[in-house]
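The two complexes that follow have chain A in common; it is paired with chain B in the first and with chain C in the second.
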Partner chain A sequence: MIRIAGLTRRQWAALALVLGLAVAFLLPMVVTDYRSFQFTLVIIYAIALMGLNLLTGYNGQISIGHGAFYAIGAYTAAIMMDRWEIAYYWTLPAAGVVCLVSGFLFGLPALRLEGLYLALATFALAVATPQILKYFDSWTGGVQGIVLFKPDPPFGLPLSQDQWLYYFSLAIALVMFWAAWNLIHSRIGRAIVAIRDHPIAAQTMGINAPLYKSMTFGVSALYTGVAGALGAIVVQFVAPDSFSVFLSISFLVGAVVGGLASFTGAIYGGLFVVFIPNISEEISQAAPWAIYGAFLLVFMYVMPSGIAGFLRRIGAWIARRNAS
Partner chain B sequence: MPAATVSEREESQAMATPERTRTAAPLLKVEGITVRFGGIVALDGVSFDVESGLVAGLIGPNGAGKTTLFNCLSRLYKANEGDILIDGRSIVGSTPHAMPGFGIGRTFQNLALFQTMTVLENVMVGCHSRTRADFLGSALRLPWIRSEESRAREDAIEMISFLGLDDVAHVTVASLPFGTRKKVELARALAGKPRLLLLDEPAGGMNHDAVEELIALIHDIRERLGITVLVLEHHMNLVMRVSDKVIALDFGRKIADGTPDEVRSDPEVIRAYLGKDA
Partner chain C sequence: MMRMIGRHSAAIFVAAALSAGSAAAANYGPGVTDTEIKLGSTNPFSGPASAYGTIAKAASAYFDKVNAEQGGVNGRKIDFIMRDDGYSPPKTVEQARKLVEQDQVLAMFQNLGTPTNTAIVKYLNAKKVPHLFVATGASKWDQPDKYPWTTGWQPSYQTEAKVYAKYILENLPNAKIGILYQNDDYGKDYLEGFHEGLGDKAKDLIVAEVSYEVTDPTVDSQIISLKDSGADVFFNVTTPKFAAQAIRKAYDIGWHPTQFLNNVSTSKAAVIDPAGVEKAKGIISSYYLKDPTDPQWNDDPAVQAYREFMAQYYPDGDPADLFNIYGYAVAQLMVEVIRKCGDDLTRENLMKQALSVDHFEIATLLPGISVTTGPDDHAALEQLQLQQFDGKEWVLFGDIVGTE
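On to the complex of A and B.
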């Protein structure tokens, strides 16, 4: 067993998890409400990226249409809260189920397409979504969108609204990451990865590849949809143009930069998606997207397997140095 | 001794019909399989049986249609005509992923492992068809899922030990040497507890010692695990030594079918391998 500073790899991972949770828990106590709001968005994007990661990272199916599921989740929450005055927390399971079903149904025909062709089919979904939302304006409020109210913390907890939403999102994220971890480390997860690694061998082992691919698409959409519902609650506003193709591409960027087929990768990806555009704007007001592009190039050159893969390699390097 | 293991295995398999097997009906029955690719006839009305408990060898020069036949048996290719029966049930209308349900397991000529997974994980995928865990139960890690998972893990570890892979159980397969990876594939196929194991050129790329080991292993698979084996192989020495019966193909047709000695001395087989003048 290789040890670094007396701890095994597993112990280091446990330590990192405990420290990460402690930081996540204490964060809203030490930063402003606006920063809490930003970190809430990081958590929400991390859930969405975890969903995309299940599909693209673990199952090997590229989607540049996950913004559509984020939008469906967001509108499910917004319509339930605004039209039917349903409590915000009930909107999450509803958004999850709606996206699971729509993801599965979209997946059934689309996953007969391979690689880039699937990517184009999902792109079509991303392009169509904002306009479909505008078309059904009696439900969606059309171009104006729907304005929501921020929920107060329950049980008279001494928290600001932003702090409460942070903890609420964190709790949801922990449950969903736990479930995804279980799923990936099970018979189902092995089948999902087997299809990515060798589809023909996977079928010969008795794996119903079309069914598993569609189900993975559905579960992936469920994660992104729940994130969308949380996003609507936290941002207190949904409008068609918040869910453009750019959102879908940001998700793919976040998933790749964070690290595909990695749980921590989804968190790094969330940080990238939220903060890099802000930092770019601070560097240059005139051409923030040029700066963003430069950041992206640097990340891809320095960390071709994403931030998670980069950190893993540093860990392996330290372990080797210690071993010799 | 092997007979006892065979009947034990079949009692434990719900779909097996013991009466049928006891009356020595063939486990595998291939009936007039014809496969055409455009204008080329890859298989032309090939028929043969493999009785339960045998090791059968499938030989023939390059292009004889052996691999095409194997791919028909695992439903990767569709036959234009003919039928394939396992224990009297036709597999021709079923999907490739239904084959383990019929008791068919296979290995591949050019390794088809899951590269990013460890040896244990690869072999556990082999247990897929015998386990039932679903998406929701797995995500929530329900108690029955956990007990099924640990049973699958034990079964996989048993197969890993059977093939002497204990030392590399937790190593990612991509970093293993070729010969070891071939064994992983075999362990993965065996983890599905097949009744009929299809071996696609198991000796390909092996040296003399490894071939000797493989011969012993194929005997073990039949004797200790009670599995019927159909082996497609170029290595003539191996086929003749492990097989109870040999089927020879040439240009998509069956040219001989019998004991190794019969097939070895069959004039058509000699002609196919050595040319007309030999």
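On to the complex of A and C.
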């Protein structure tokens, strides 16, 4: 067993997890409400990216349309809160179920398509969503969108609204990451990965590839939908302009830059999606997206397997040096 | 016992000192020092609506001019922080919070867009941050009870529609009106204002209302059905591409009603020329700014001053772009409001001064139009002047109309 500084790799991973959780837990105590709000967005995007990761990272299917599921989740939450005055926390399971079903149904026909063709089919979803939302304006509020109230912390907890929403999102994220971890490390998870690595061999082994693919699509949409519902609650507003094609592309960028087929990758991806555009704007007001592009190129060149893959390689390198 | 009293009085002394300190500094809100005032704004500098981004840039250039030539306002330079939201409401929320909580601006100024401002209006009002002169034509910003910290700038779509309604009631009392409108907020705002302006007469005078979706390729079929309705007055509530189509189609199928065109689409280059100048002859519209491309203002000192300003402080901007003269005008109002505050630069006083503007004239507004606000009047501009296209250019006619 290779040890680094007396700890095995597994122990190091456990230590990192504990430290990460401690940092995540203490963060809102030491930063401003505005930063808490930003980190809440990071958590929300991390959940959405985890969903995309299940599909793209583990199952090998590309989607440029996950912004649509994010929008469906967000509108489910917004309509429930605004029309039926249902408490915000109940909107999350509902958004998850709605997206699971719509993802599965979209997946059934679309998944007969492979690779780039599937990517284009999902792209159609991303392009169509903002306009479809405008058509059903008696429900969605049309271009006006729906304005929501920000929830107060329950039980008289001495937290600001932003701090509370941070912890609420963090708790949801932990549950969902834990569930995804169990899914991937189960029989079903192995089937999902097998379809990515060797579709023909997987089918030969008796795996029902179309069913598994549709199901993965549905679960992936569920994650993104729950993230969308959280996003609506935190931003307190939904409108068709919030869910442009660019959102879907940001998700794909975040998933790839963070690291595909990796749990920590989703978190790094969330950090990238929230902070890199802001940093770019600080560097150049005139051409922020050129700076963003430069960041993207550097990340892709230096870390071709994403931030998570890069960190894993550094870990392996340290382990090798220790071993020799 | 003695020690306890000593401690107590020390605490009282500290508290007294703190409150005295805050009383002395109470004249300054966040973002203000003896030499600087910070204002913030969210705008689309990227994305589909980035053409509007130039408004804030022109306003910023005007602040540069005031800072350079007059040393700022009452000795304080204006630091105008613009942040890009790409016209995406969630991003607007993030950027607005950054401006308020991190950059610590005194106030928001000229945030652009209806959905984007809708996303932050509650937040800013809850935080009691002045949300001044928003760049949108929606009428919902003038709601003093609901949004006490928000004020509009341009005449709202409803105000404009009422101007046409009034004109029709006075001059075409037996009109049969057909309306074409875009099926969204903007179109419905016009429709609502128009109905309100016609009052009881609305149901007698309006014979047809047809809508189109912004995604439709043409409005040809709508124009045909309007013609078939027998309408002899046409109220055209469309964005530039559709406005040109509607004008051309009506003429081509031999329908020649009296036409009213919303001022979203009065651009000669984008609407009238593509439609055909002879087909647009006689159309009535309205405006409130001097159009820098209109030859009648060529020798106007205000428009000349504007051109010089553009050349010196915003050389990248196009002086012919109406959005630039828009930004130039609204920045002058902001400077006036700050000037009126004197050295009492709290958020409360800024809001008070923004809501007590009395007939403030801006040289690039049409003659006779001025800005007036009040505690119950959160709309800066509510006046327009009618204009008619004579086959070559827009000719202003009649009095200034609208409330103050």
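Of note:
Quick note on the criterion: the second predicted complex is superposed on the first by the 324 of 324 C-alpha atoms of A that agree within 3 Å, B and C clash if a C-alpha of one lies under 4 Å from a C-alpha of the other, contacts with A are read in each partner's own complex, and residues count from 1 in each chain.
The rule is short, and it goes like this: a residue touches a chain if its C-beta (ideal position, glycine included) is under 8 Å from a C-beta of that chain, and two chains touch if they have at least 3 such contacts.
In this text, all values refer to a predicted model and were calculated from it rather than measured experimentally.
Because the two structures share chain A, they can be overlaid on it, and in that overlay chain B and chain C fit beside each other without clashing.
When both complexes are overlaid on chain A, the residue A:197 reaches chain B alone and has no touch with chain C.
Look at A:98: by the touch rule set out above, it reaches neither chain B nor chain C.
Of the two partner chains, chain C is the only one that A:235 touches; chain B does not reach it. Figure note: vertex chain A, arms to chain B and chain C, all at CA centres after fitting on chain A; angle 150 degrees, rounded to a multiple of 10.
In the superposition on chain A, A:285 contacts chain C only, with no contact to chain B. After overlaying the two complexes on the shared chain, residue contacts for A:143 are found with chain C alone; chain B is out of touch.
Applying the stated contact rule after C-alpha superposition, one finds that A:186 touches chain B and leaves chain C untouched.
Once chain A of one complex is fitted onto chain A of the other, the partner contacts of A:276 are absent, as it touches neither chain B nor chain C. When the two complexes are laid on top of each other via chain A, the two nearest Cα atoms from chain B and chain C are 31 angstrom apart.
Residues 45-48, 82-84, 86-90, 93-94, 97-98, 101-102, 114-116, 118-119, 122-123, 184-185, 213, 215 of chain C are the ones touching chain A in the complex.
On the side of chain A, the complex with chain C involves touching residues 32-34, 37-38, 41, 131, 134-135, 142-145, 147, 231, 235-242, 244, 246-247, 278, 281, 285, 288-289. Against chain B, the residues of chain A that register as touching in their complex are 179-180, 182-183, 186-191, 193-194, 197-198, 200-209, 215, 219, 261.
Note for the complex: chain B touches chain A at residues 74, 76, 95-101, 105-106, 108, 112-117, 121, 124-129, 131, 133-135, 138-141, 145, 148-149, 152, 188, 192.
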